[in-house]
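Down below are the structures I want you to see.
You will see two complexes here that share chain A, one where it goes with chain B and one where it goes with chain C.
Let's look at the complex of A and B:
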């Protein structure tokens, strides 16, 4: 007698409908967080195309920037920015849970780790903004 | 117990690094390049962009900024599809997601090489 092969024995996979994440706000937020990575990746592809246009000369570069002025692209970037901020906030909130920091015998309170992560984000953002916008 | 060796920890490390890079750096780049420049709030000249991107340290930064979050995407996208019920296609989905990230890494190297 042949027994059907189970891919990962010992693991239980509940059967759920494809719309399970619409059932409550927590599931929905989880799905939004997962979806944020798609928008971030799309933006980085757009950025890569911009870098690709760079050595082709000022004309090609300006034409590309002109494309990004279209309302559709502006809407995309507004959405992408909202998702990117959502990713940052959820990511730094998690650092307190994931990253346990010890100072000697004592554990640094998770809230302090989260606070430090947000502070680091602020400092990096300001430095980057200054670097991009000067001169 | 399952003691099968997998490449999971390797991909997970790239996922974590990519998530961190995306959280720290992507919002400002999105704000400046996606909105501030196209809407005319500020402008960055072609000459300045080119001079910046030609520097080796900046290239290294751009490589990390673009390539690492692709693995973060791959990891999450893979589980989005699995969570939506495509569990029967585990292996092809994983290959497709991580494969796309690897392809994106190669494309990033190629683009930066030519600047």
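Let's look at the complex of A and C:
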């Protein structure tokens, strides 16, 4: 939402250039994090189509999987995985800033909150892997 | 022995004359104990008396001398020339703000936002002075202390691209101060500040770039204050939806 600003005569109103995110490393990392959601969203669309193919029979499903074996799709999936990891790692690193946890009167150190988040992520990932790979 | 010098490339803007800011170079003596503000004072006293900028305390307390130094928001009283050797040093007005003249920016917008978040202790019923102070434990003080260190220097606004793109955004310092009073055990004004924080240009406008906390000269973490306010607002909304007695406070 953009609210028009009333500009007073005589004052100079600077405009932020479209390339503002190239000004420093923090801005750039922020933009990468934002961009990661595009790849994650695209991956979800591909995954939803895959699920949609499942009830259409083994032939349709196998054909779709075959399509996904094309080099372009493999590159896309590697990129999507890299962005998903980047998004997840930066997200968990920020939990210590956002989530203040108290034990009685004492505040749990933010590093512990971040560590617990990563640990939980690892446990959930291992459980999911076990579930998927057990055959 | 020839005196060591440094060059300052200073942004100049004369209202009514210039269509947009331009840059003017000045050569100043280099002293290892000089800060950028000393160099600007040298220019004003010895080279060009028309140079305009704000400053006051020279010790990082008043928050008046914030400017862009080599494109980074800094208190010029704390930016040493020696850290920018051999130069030149680019000095400009704080980014994202309207420029009145040279390095002087318009403060009105920030002052208005500060007033809107009611950064003072609000009580449902004030007790008489004769009844004494509102007491607080050290732990209750610790809960908000870092956010009370804000000196309203506005460096965080200059670092915030969201404010640059959407000037109506309430912004880092004002939200951090609202959060500071919301955390204060003596305060009862959460409900009065909440409408300002929860509007579209309040906390939800923030996309968590985080640069506001990086540039803060007083170690305040406005980005944390904003994200925690989002969490508090969302929890409050959820509770008001599922609990018959509504949200907190």
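Odds and ends about this structure:
Throughout what follows, the second predicted complex is superposed on the first by the 121 of 135 C-alpha atoms of A that agree within 3 Å, B and C clash if a C-alpha of one lies under 4 Å from a C-alpha of the other, contacts with A are read in each partner's own complex, and residues count from 1 in each chain.
By our rule, a residue touches a chain if its C-beta (ideal position, glycine included) is under 8 Å from a C-beta of that chain, and two chains touch if they have at least 3 such contacts.
None of these values were measured; they are calculated from a predicted model.
Looking at the shared chain after the overlay, A:34 reaches both chain B and chain C. In the superposition on chain A, A:16 contacts both chain B and chain C. Looking at the shared chain after the overlay, A:54 reaches chain B, while chain C stays out of its contact range.
In the superposition on chain A, contact is made by A:105 with chain C only, not with chain B. Of the two partner chains, chain B is the only one that A:78 touches; chain C does not reach it.
Across the superposed pair, chain B and chain C both touch chain A at residues 7-8, 10, 13, 16, 20-21, 34. Considering their complex, residues 2, 19-20, 22-35, 37-39, 42, 44, 46-50, 53, 62, 65-66, 69-70, 72-73, 75-77, 79-80, 83-85, 87, 90, 104, 107-108, 111-112, 114-115 of chain B touch chain A.
Partner chain A is touched in their complex by these residues of chain C: 13, 15-16, 18, 20-21, 71-72, 95-100, 106, 139, 161, 164-168, 200-201, 207-211, 214, 221, 223-224, 227-228, 231. The residues of chain A lying in touch with chain C in their complex are 1-3, 5, 7-8, 10-14, 16, 20-21, 23-24, 26-27, 30, 34, 94, 97-100, 105. Taken in their complex, chain A has these residues touching chain B: 7-10, 13, 16-18, 20-21, 31, 34-35, 37-38, 40-41, 43-48, 50-52, 54-55, 57-58, 61-62, 65, 68-69, 73-74, 76-78, 80-81, 84-85, 87-88, 91-92, 120-121, 124-125, 128-129, 132-133, 135.
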